[in-house]
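What follows is a pair of complexes built around chain A, which joins chain B in one and chain C in the other.
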Partner chain A sequence: MDLALQLLFTGIGIGAVYSLVALGFVLIFRATNVVNFAQGEFSMVAAYLMVVAVEAGLPYWAAFIVALLGMALLGAVFNLGVYYPLRHRSYLPVIIATIGASILLANSVLAIYGPQPQVLEGWFETPGIQVGPVYLDSQYLLIIGVTICLVIFNFWFFEKTLLGKKLQATSQDKEMASLLGISVSTMIMITFIYSAVLGGLAGILVAPVLFVSIQMGSTIALKAFAATIIGGFGDVAGAIIGGLALGVIETFGAAYVSVPYKDGFAFLVLIAFLIFRPQGIFGERVAEKA
Partner chain B sequence: MRLTRRDFAAGIAAGIAAPYLIKSANAQGATIKIGMCAPVTGPAAESGGYAIKGAKLALEAVNKAGGILGKQGELIVEDDQTTNPGIVLAFSKLASQPDIVGFLGSIRSTQVHAMAPDVIKLGKPVMIGGTDPNLTHMGNQWLFRCRPNDSYSGRVIAEYGVTTLAKKKWAVLHSTDAFGTAGGKALTAALEKLGAPPVLDQGYANQSQDFTPVVLAIKQSGADILGSYFTFENDLGIFARQLRQLGVNIPWVGSPSIVNITALKLAGPALYNTYGVADYAEDSSEGSKAFGKIYRDAVKVAPDNQSSWTFDAINVMAQAINKAGTTEPAKIREAILAIKKFPGAEGEYNFDQNGDGLHGYNIVKNEKGNITFDKHIEFND
Partner chain C sequence: MSAPSDNMPIPAPAIRSKPLVVRHLPYFIGAAILVVLAANMNFDGYVHNILLQATTFAIAVFGLSVVLGLCGQINLAQAAFFGLGAYAVGMGTTDLQLSFWLCLVGGCLISLLAGAFLGMSTLRLGGHYLAMVTISFQQIVTLVMINAIWLTRGPDGVPNIKRPDLFQSSQSYLAFCVAMLAIVGYLVWHLSDTKLGRAMRAVRDNELAAGVNGIDVFRTKIYAFALCALLGGLAGGLFAGGFAYVSPDQFSFAESIVFLTMSLLGGVASPIGSAIGTGLLILIPEWLRFLKSVPGLYLAIYGLFVILIIRFMPDGIWGFVADAFTRWRAKLPAPPVAGALHLKPAMTGGDIVLEVIGLSKHFGGLKAVDGVDIAVKRGGVHALIGPNGSGKTTTLNVLSGLYVATSGRIVLDGTDITHMPPHQRTASGLGRTFQNIRLFRSMTALENVEIGAERPGNTMVGKGDDALTERAMEALTFVGLGSRANELISSFSYGHQRLIEIARALASNPTLLLLDEPAAGLNSTEKLELHELLKRIAAQGLTILIIDHDMTLVSEAAQHITVLNFGRRIADGESMAVLRHPDVVSAYLGSE
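For the complex of A and B:
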């Protein structure tokens, strides 16, 4: 039982990271109908920005704000440079452009900062707390807390605010949204900025656990992409549930079946969903909406 | 001018012969070229940078001392991207240059396995740092190892843990790639020989983001000592931190990656008081001390095995070519195998007929981040 509790906590912690990145995938997909394969690199860039800001002597909270502002800027530039010129083309050129952008981002960071993995200290001086038989890593606690807050914020933002409703309208039918006087390009710009900030947030939060390296983004993004499909592509709740489920499944699979095949469990689940429920957990609801 | 049949035939012959003549002329160029596959990008890019620096420092010294066959040595580096397809591509690019007389391969056994078939086809000497014992025992006569192989490291880890630390309940943790699997097997075999078979033999996949299941398995096994073979420093760093956080404080004797610079930086205090078998230990010999000084002066960081093996590889190859008096591959091979009592940064080289140059390891301890030399264990079999 103690073992299961420890595994559950860790699984939820790592799953929360997948959820945050998956959320970025979903938001951009809903707004543009394309998958942004540079979403993982947003996490990596933000983690490096954070390291640079901390090394420059900024207090941790200020470095955090600077890194997120940097990500907002990157999201805007990404929209203008990668999506906007191709917005009238089919989804394929845009997807290829996002793959190209991800390679560009990874190699730019490599060229500027070098290949050295970096250590980013966590928010708290105490690495964790022992609650009975379970050790709660403070960074994972923070990640879980931020994910819960973001779920609440997303619900409030998309369901209760005018801007959120405009974003939803744009994602559901761009032409109709445009006829209703909504600036579609502005909404898409906001979506890219928000998604870049979300990806960046995931990168900054997970950096003290996984270290800051050029590969960190692609490793997380692969799982987040799987989580998005499991949850139901295009569904915010699906991304959250999919990410958490993936984290828990792979952690328990590693502990009770086989450690070397840990990644295999995540992708076995993905394959099972693609065969038996390709629309994902919340797929039907989205289909009904459409 | 009238073109006769004879002129035409001569023209065709010249056309066919020209590329070979040009290649031959290039091969006798102004420098002696040595090719190097190194991870300039990918997860091992940092250690790849150290490897290139080590090789360059050795070549500078060789050139200052008169060069190779009276010519200056030149290093041609290709990025292996820290992947198997990457090193195959990098090696094929280098192999297509006929004026390259010898090569430096990878420190990663998996990559050496990937490039090995092309090495046989090319038939030129390749110095390697991969420590899977099979690499020099699978009939490839062109691979020469400048680090001790894992049959020695496994024996040294087992010997030190069982005899010196008096621990018998072992957990063996290893990567599931070629290096980790071979290392894990060697350690398990050595422990069984010493009457202490492991209570846990645990593999893990490279680039894991979480080691909680592994740490809990170690905890549940009741092991009182841990032996490890980690391939990537990121994995080692994450594991070390989680091991300590989850309250496992048993003695830990690891393969050489446990004492390399990147791992020490990433894991920090989580690696304090651990032991490692190290092919490079600065205080282990005069050659090691000399390399340490050259490296620190030039690079301004502490040396480790990533740079020491490439430093030795260049020196061994240069000495072999000079002794052979030619760049003919078969003669260079004979000269490498004839090298005995050569003082390198990694230790004293005595090549055997398999192509293994070193036959022992150092035991070192991490004392608050400083790596201190304990003893050297040499094998004669």
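For the complex of A and C:
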């Protein structure tokens, strides 16, 4: 029982990271109708930026800001270089281009930094606290806390601010939005920047828990994608709950079934959902109209 | 549009093309020369290895040209399927001491089954799912290769893989692989002109239209995906025999990306493009070996390549050549037309061709169609009209199976089709056109209409490709476009595209033809011509159910009218009486 509680805590912590990346997927999908396959690399690049900034002697908080600013820049460049030129083409070329971008990002970092995984220190001096039978690791607490704050911020931003409403309008009907005087290309640019920062935040938060490696991007992206399918594709709440669920499933799977195949559980859950409930827990968009 | 003279039978011999084997003889002669060269030239080991790698990789990339090029579906796990085939031969010939041939076939089957399973779980959904699921599958296969040491020997790989006794020397084995490449290349090249190949291209161009033209979209995609996996497995098996050693890193996600890049660079649409892309991407890294000294650098360049190709050269290198070929083909004279189009609608049911009973379609709380009854009499033109938002197009979509009915029954010529998917309804005799034209854009007019003629259960078309072309030409000539049969869809005007869509439906010899706002967007001359065409169709006894806003067209063409408003039937009967019905007048003009 104690072990189960401990695993639940760890699972939610890891799941929160998947949720953040999944949220990035969903936001870009809703704004552009394509899945950004480089979303995971945003997390990886941010973690490396953080390592570089810390090694350069910046204080942790300053490194954090520098890394996030770098991610905002990367999101903008990504939009201009990969998505924007293809915006009038069908989804297949765009998918392939984002896959190309993901390969480019991962291997550029590999070429610059080499295959040796890097270590990033956690934010806090104290490693954690013991509450009853469960040891609460401070980094996991931070991840969960930040995720909760971001979910609240997201809700406020999209429902209560004018910019958030403009973004929603753009994602629902680009033509109508542009007729109402909303600059669609600006809204898409903001979406990419915001998603890159979200992905980057997830990468920086999870870095002290995992190693900072080239593979961390694709691993996280895969699970975040599985999370969006479990939750119901295109659904914000679904992405968050799907991410948490996947983190818990995976942690229990690793503890009770097999450690080397830990990364395979996401795939099994994904296939099971695709076969038995492809619309996910919260349903999916309707099919194309004739 | 059509002049009456176009419909006169033109005396011409029926089409007889030379047998395929004769037409394609130059290909086989060329292939035989290559095989003989591979068997007799003395290459040094380095060149030999590069040739062997290029040959086996090209077979795997052919698979991508089927799934991505022909069918428009993505596969990011081709290296995993390649690896399944390679490990089947590797472990089979060493640990199990089985014959090479048995292992090669076994590997192909394993890949085929894995591909079919992945396809079945995912291909009903959008393309994003397929991309992610194939990546996941790729990761799983790599995980198993590395971690299941009892089975795969883990990261050390499998050495001392055997070759068949017949091809023990590396020279003869290379010749064998080149022969396999030539055979597979021929099959893939020829595939696009077969019934299955046309179905794949139709699915790639427009899934909805493919479905209502009698193509089982889901099954077609699974075939394409499984075939791609099979070719991956075959290529992997040959690769393992050739290099006698396999290890997990040869079949990683990075290799899947290499395969994808090869396919994109050469041009996804053709096996020739695949061969060019494979050759270039195997040679270029050999020339630029220094890039490999920095880990990651050459893959980073591949990633950049992918982005640049997609943006600036979406059809690949071969695309330029294929473009020229398409322009040349458009100038070819259309095939001769043997006779006039005959429509012989099936007559198995009674006097009523289509009976709709209590049909409803609800979207959440919205009752778009609510308990509608329609009875379409055989051999007439029946119109379904109503103001905007009255549920006309929804009704048509439920009839053709694009939407599932919430309740009610649909009986076509005595057969209950309520629960059939679109392609089975088409097989049962339903033909339709779309309000927003849905043609297969990368194909010629003739190919579009051929797909219609290929409807399962079409009794008006004989066996073989020639009969199919003949039927399609008759249908195109019937609508007045026979002379432009070889032109691409994009070169036709909007009105003509409408006619091609009607020809596509007519070629299938339907029992009932559904026309969704055929007059929308046509000018007044074109409308008159459309009216003439409808008369000529009706004269052959084909029943038409038409939706339109054009009251002149509807009142002149239709004998019987059903009127919908807010999803309910408000009037039904003989045309003139219905149009004077007070409820109909108030629905259109408003009441005082």
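As a working rule, the second predicted complex is superposed on the first by the 270 of 290 C-alpha atoms of A that agree within 3 Å, B and C clash if a C-alpha of one lies under 4 Å from a C-alpha of the other, contacts with A are read in each partner's own complex, and residues count from 1 in each chain.
Simple rule for what comes next: a contact is a pair of C-beta atoms (placed from the backbone, for glycine too) under 8 Å apart; a residue touches a chain by one contact, two chains touch by 3 or more.
Remember, predicted model here, so these are calculated numbers, not experimental data.
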| item | value |
| --- | --- |
| Partner chain(s) touched by A:263 [first = chain B, second = chain C, both, neither] | both |
| Chain A residues touched - chain C or chain B, whichever exceeds | C |
| Touching partner for A:168 - first (chain B), second (chain C), both, neither | neither |
| First (chain B), second (chain C), both or neither touched by A:6 | first |
| Contacts of A:254 with chain B and chain C, given as first, second, both or neither | first |
| Which superposed partner A:209 touches (first chain B, second chain C, both, neither) | first |
| Which superposed partner A:115 touches (first chain B, second chain C, both, neither) | both |
| Touched partner set for A:95, first chain B, second chain C, both or neither | second |
| Touched partner set for A:82, first chain B, second chain C, both or neither | second |
| Doubly contacted chain A residues - partners chain C and chain B | 107, 110, 114-115, 214, 260-261, 263 |
| Residues of chain C that touch chain A when the two form their complex | 72, 74, 76, 121-122, 124-129, 131-133, 135-137, 139-140, 143, 147, 208, 253-254, 257, 260, 264, 294-297, 299-300, 302-307, 310-311, 314, 363, 393, 396-397, 400, 402, 434 |
| Interface residues, chain A side, partner chain B - complex | 3, 6-7, 10, 14, 107, 110, 114-117, 119, 127-128, 135, 137, 209-211, 213-215, 219-220, 251, 254-255, 259-263 |
| Chain C-facing residues of chain A, complex | 29, 34-35, 37, 81-82, 85-86, 89, 91-93, 95-97, 99-111, 114-115, 214, 218, 222, 225-226, 229, 233, 260-261, 263-264, 266-267, 270-271, 274-275, 278, 286, 288, 290 |
| Residues on chain B engaged by chain A in the complex (per definition of touch) | 40-43, 45-46, 48-49, 176, 202-205, 207-210, 212-214, 216-217, 220, 233-234, 237-238, 245-247, 262, 265-266, 268 |
